[in-house]
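Should a chain be cited, it is by its letter among A, B, C, D and E, assigned in written order, with residues numbered from 1 in that chain.
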């Protein structure tokens, strides 16, 4: 059985169907990318896994337990941590508080001090800014804080939604390097990205989404060479 | 001059107590984003709870506080859980569900009149309490001891709630939920439980305010109404959701009420309070200490 | 003739510079597309033109009149209409009601408004759904409604904000023809879009921005080959094949 | 699905609710009953006073019915129809309309709050229903030229007149001249009415008014007002208060150790049974003007109070006694009218000269109405709250002939 | 038969019933209750222009009732001007006040707007309670004003029986309903609704949302004040605590929210439910179990909001349509 298994789910936003009969799997220890243009349903997929949306049919299971249609706070208890698009830091709280609140769940809260050190090692910049309000951080720092907050939860699987969004290339590189590091330390990563090159090159496997359906899948390297990717993006 | 000092002291003391009565309102608004029109009624319930504890056991009012506050916490906790939560679930995507205003107003009618039905319309006050009528006399200046104790309690309570929000795990979760409830749930925070807790804290604050009032105030079923509108004005003046704002808003009102009558008829101070309220609202709609947010 | 001219537009949010002295010119009757990766500042540009934001620096001219301090409703009255990326229909009302709300810009008579609205709906092959509540429409229909509503204000320039997002391929094709039809009726179109296939099919001219700066401009075919553009989209190190 | 269910539920609930009312439709008045409509505040801020009035009426009605009802009407029983005004004029008017038109009451009585009684007089006049007002002191109630209104209690000009007469007497009796007066009153119809009279009387009596202060009844802190009293240098303080503010004001005056020669209150809140309980020793030496007091020297008064106390766990108050008396006045008029014709009842009421009977436990010899419908004999009693060994109690002190034996008023207070 | 025809027939039937009620309901009490029901439906309909169509929550509308009531009463008592004329004068004063209140407050959102309107309402009540005279006008401060019930007649807007009042308020209600119906079908109605549902989209369509709301507020305060005069002439006694009261403002808003904001029928449905609940429960329980009637009122508010948070108008019209389609139109299909 797979670590995370999504089986033929259909998801609606109100009356609008966004995901069509979608299936995919993530194995333990893998880095899996989901790439695709805007509106392809990538974020919706993550939101469905983390319980913010419920599929109307199909099943999501994690470590052989059915997890779909459970409240988001329950999903966190399973060890599935979602770092949402646009960082969504708690703007009026300090960086450190944001990190601490990441460790709200029972598994993580006993190890706060230790994990926070790890996060600071990964992103030394956060250490410098720990007492600043999150709203005063730059875009790159906010992204670091958001990922750091995800790590604080001791995820079994970390789901990142567009971590490179709006970042300058130089910062983007830092972020991707950090993601690689997180994966190397043993956390399974499910990455939703627009930046095909960076995400595919650090992923073990990847899925290409179009219109709420998987149109391609394969290893990161394979897909990187696939000309269809460029077509999907540039429409040629 | 000495009169002015006396009035200012009284204004600050009574104002702090007003701040305390409004504290729960601001906490509940800050987290749930609803105006709790039943807040005055919760204060009234708190006064009855304190009254019965003190008259039944004969203990010092401020010891009763440690019994009344937890009772009120659970009262608020389950009130939100049973009556208000279903509305939140039904109106998930509405930031400020107007329906909750109606529900809390319904609660107000129910609580006030249930009390009337059960306990009758009599006015009660606790005769044998250690604080009744105690006055501190410094030269020509009189300071009411129960008000002083109330003001100190108000400051301690505000500080305690502030520290709870700043320093504890649950407090941080409450703040996180108030900033962004969806992302908070991604941290593993059950927002509805947080709402219960916030409502519980708000109610407990009303309970504490009630305990500080009973040594010198009378208790009757509609007593909450007297504090209701005042509470709204205080929290908007100070900034909805701000603890410091509630305390300072309370003190401003206390000062107007205390100093104003020396220059005019005391019925006019009410009008001044409304005038100031509107003025602040126009100049700085988020209140004196509110954070500018798109409510 | 230029219908819209952006001159050194800069927009700061706090410390963040979302748009950095951008110059764009739109000629009467053309379809100009503004593209760029997520977060490049497209929506900000859009909102500056539409009067939602006041640019930190620079000027915007519409039909040679300076408009960068105008209120959205006044812009609309001068002939500049827009759609929203996240559609904003009046959900509790019917399609016809939605469109009529817009036709009232040019008339006060309910009869004329209704007639005009029906004409617009006819034009967009939408008449059969005129009595459907907007809340019950599919996303494709909502996007179409969004355009129909904007067109009902009889604009000279139409700003389209990602009208294809969330559509299926066949629906994208329909939308492309709808937009072409709009252009053929004499309306200039400024469009932000992600779906490249549509952009390539539609645009007369494309402007590409990244980090708020223009990195390329040209015909669709030129843009598709532009190295900078491909890199901007697919990542810096994407090997061009 | 859920929606359907909830709609059904809602409908069932509403329907059940409506049905419940429909079925329990108004009772038909039997031929042998006289229906009396009572409008009183049973909820809202004056609920406490409404309750006293209701108890007193219940007691009187039971006594009369047990004694055989109205004999001239073949032993007709009195039947009370109560209505809650919530102290709101508009509710009072609605209820009056209902009592007269639907309940078909023969006589109307109430409403305690002058602000409610006043508009209700117009309703009663319109339908020609006799309206017996036990207590509502506003002068204007009987000064509209209405022929249906009969008031038992004194009107506010009499209250204020007696307050000043009392003050003059006290000055003489104890040789303690008073110069400076302070008026503090609730900012409503009642308080404003008193204050207007006070000002005139003070001018006439040669007093200096050092403070004229209305305050909102809903005040949560009265210490600013108390400070003003203290600083005004007043010797005598005259008050009109509702219950909650009377209690608060009394306690605050004590807290600030305000030294006055006398405090003269005007019933209402100061006469509320909860007042002494809630103020304790702080209310000692207060003077309060009321229609009646438990220690009155009148046969039957003590017994009536004991009976009332046993039934309702509180003492009779002026408000309660007037309500009690009102029922007996009505009974008397009915006996003489021998008919339920409104005109006959009004005629009988106008000719009232009630001198004895269980209801006549008031201080004056008889109830007689003048041409405006005002009980011309209505007299008032000044009491002083004091502790003479049995805890704080209300002791009659004025007029002198009503003074409790062996008690000397304390004047000045300190 | 078409649906439109059925609707028309139903409407005519309703009107017929409404106009003939006084012929068979002889009890003045029930007429009184009905008059107040119409009065509240009228107020709520006027409120609905702002609170419903424009999508904000004003909680201070009693101010306009008070202005209307006081203006016409003072003019008629002190200057002998017919209340009918005073009614119009009061409405214009209310209109000006409405605009003054609206200018700063309409920019506020949600809770702030609601609280600001409460403060305006209460502030004006406090002022009226503290002012005995404005120049030559005697407003009698906290003591209220009684209108002597002596000069009955149409010119004096005063009648001995209930029936004239019944027809006046019924006609006023029909007129205001027609007016809101027309407004809801006019440019202003479309603009208000657009601004209420999606202000951003509305602005992009050339709608000056603030201006539309201001217009609505002006009309609403004008209409509300007219009812104030009716109230004064009907109860013949006005008092700051009755016509300027928060309770009145709340009740207007409740009726609208329970019935369904922003629909023409909502206020009628809300008044049909809440007024009887409030009156009948007070009549039946008020004397034995003090306060129980308000408990019932509170419970009804909570129950409706729990089960139908958007008000009763939606499910009821759905049921109505279903009945018509299934029961009456089935032969046609």
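The rule is simple: a residue touches a chain if its C-beta (ideal position, glycine included) is under 8 Å from a C-beta of that chain, and two chains touch if they have at least 3 such contacts.
Being a predicted model, the structure only gives us computed values, none of them experimental.
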Quick one: which chains contact subunit B and subunit C both? A, E
Stepping chain to touching chain, what's the minimum from subunit A to subunit C? 1
Report the chain whose CA-based centre is farthest from the CA-based centre of subunit B. C
Could you give the separation in Å between the centres of subunit A and subunit B, each centre being the mean of its C-alpha atoms? 42
Just curious, how far off is subunit E from subunit B if you go by their C-alpha centres, in Å? 32
Mind checking the centre-to-centre distance between subunit A and subunit D? Centres are C-alpha means, answer in whole Å. 74
Where subunit B touches two or more other chains at once, by residue number: 113, 116, 121, 221, 265, 267, 270
Among subunit A residues, those touching two or more other chains are none
Multi-chain touching residues of subunit E, meaning two or more other chains, are 126, 129-130, 290-291, 294, 300
Which chains are in touch, pair by pair? A-B, A-C, B-D, B-E, C-E, D-E
Complex contacts: residues of subunit C adjacent to subunit E: 50, 52, 71-74, 76-77, 81-82, 84, 88-93, 97, 100-102, 104-105, 108, 110, 113, 149-150, 152-153
In the complex with subunit C, residue positions of subunit A that touch it: 15-16, 18, 37-39, 138-139, 162, 165-169, 172, 194-199, 201, 211, 224-225, 227, 229-230, 233-236
Footprint of subunit D on subunit B - complex, ascending: 3, 6-7, 10, 14, 18, 113, 116, 120-125, 127, 132-133, 135, 142, 144, 216-218, 220-223, 225-227, 230, 254, 257-262, 265-267, 269-270
Which residues of subunit D touch subunit B in the complex? 43-45, 47-48, 50-51, 187, 213-216, 218-221, 223-225, 227-228, 231, 243-244, 247-248, 251, 254-257, 272-275, 277-280, 282
Applying the document's contact rule, which stretches of subunit E touch subunit D when the two form their complex? 27-30, 32-33, 36, 126, 129-130, 141-144, 146, 148-149, 160, 235-237, 239, 241-242, 247, 273, 276-277, 279-284, 286-288, 290-291, 293-294, 300, 303-304, 307-308, 312, 315, 319
